[in-house]
């Protein structure tokens, strides 16, 4: 492998080399991880370690979180919880998630919103309220949870739901807005 | 820090070094940004600057757009608008978004679709029609807007909605398909 | 372009240089690709080639898949199919997708779920069942397909739908849960 850069070449050569090395790295990691784990992940997930990122964020033992997850403000996540890709955990108003939760890909949990900010043309500040998700909850793909919601322990929230009100422990709920549909 | 690569080592050593340096960079940026802004973002958002990307795209003053946003064709975005992560702004049929809009994470705005392309087995071309979103609109998380739709000024579109018809100024709308539910 | 790193400088200088080079590369690629294709893509899609990634995964001729797509387990995809960004193709229970399919941005197809895993506090294993999507299907943005579902040929699934039951060939379906609404 040649030097990534040298002082006596112009920028474009250096750029092409860096790009070539990144492509080579991606390809090799794809082959290695596919061989070992039979999965192919986004580029950045070959760089980031899901468990290390969770640890860095102070999450509980055995928790993991994909690189593409966006984490804002104060977010606490319990042990063994799984946070999927393309997620937003907004703790700007305070967010806590319990142990053994499955926070599926595409889930967005908000503790603020910019509705009034937008319609006022940037005058009104964002509004904030805390969210709490209990232990052993399954939050389905693409679920959106709005500010101020409390979800109990052992709840199941169906895919593509919009949760705007509290869900008591042990209940399953779905829809937009999500309504309780029965016991888990 | 050692050389990323040297001519007299084999490719694998160079690759491992590049990977190690990228991991080190990610970790350091995570620590720095968390310390300063109390947030943890996807790897590429430590490289890309949201305001610079918006400027490069010719968006208005103070607008910002996450790295993961995919921008296709001719897209104009006004001043101070916020474009979230995991979004698609498809301007292949012409797309304009006004000032002070909040385009939430996961929003996809289309000015083409490939429905006929797919069911014809690749024979029929994509269909296109322009979309216009006015000023001071809040487009909730995961909203999908289909080709040909016009959304007025000061509208609020609820999370997880599918917008297939025009929404007049000052209205709130939600659902799949989204219907007007009242004044903002 | 200077050396990315040198042995006689401390780590922080090397890191700043690597970051500067990545930023420079991103900016240059953004300018080049925008000039040539009038589109701006996430950072990793300047590194990954959509057609090469599809080829690596053994997909059919002319198929393509964005870098951010997460592919798990055994997934087969036919010729000329298009797999968008922010997608999950979970083949841990076996997944096949036919030719000329349009799998839109944000689509998540699952052949396992962790509902019982979560509510049992990590005791129950994930459940699995295969999914099959036929040829010439249009799967709209943010659609979630759950384990065990079979979708025939030439189907159209509306955006933001949750597909939990089989959809026969030639039908259009939408909603949460998705219901057949008529012939394509």
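Labels for the chains are A, B and C, by order of writing; each one numbers its residues from 1.
Please note the rule applied: contacts are C-beta pairs under 8 Å (C-beta built on N, C-alpha and C of every residue); 3 or more make two chains touch, one makes a residue touch a chain.
All figures in this text were calculated on a predicted structure; none of them were measured in a lab.
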Copy-to-copy rotation (chain A on chain B, CA atoms, range 0 to 180, rounded to a multiple of 5 degrees) logged as 120
Copies chain C and chain B - interface residue numbers shared by over half, same or different
different
Just the number, please: Cα centre separation of chain B and chain C in whole Å.
16
Mind pulling the residue numbers of chain C that touch at least two other chains?
3-4, 22, 43-44, 68, 86, 106, 142, 160-161, 176
Residue ranges of chain C touching chain B (in the complex, touch as defined):
3-7, 9-11, 13-15, 18-19, 22-23, 26-27, 30-31, 34, 38-45, 68, 80, 82, 85-86, 99-102, 104-106, 135-138, 140-142, 154, 156, 158-161, 174-176, 184
Footprint of chain B on chain A - complex, ascending
1-4, 21-22, 24-25, 28-29, 44, 46-49, 53, 56-57, 67-74, 86, 88, 106, 108, 110, 113-115, 117-122, 142, 144, 146, 160-162, 176
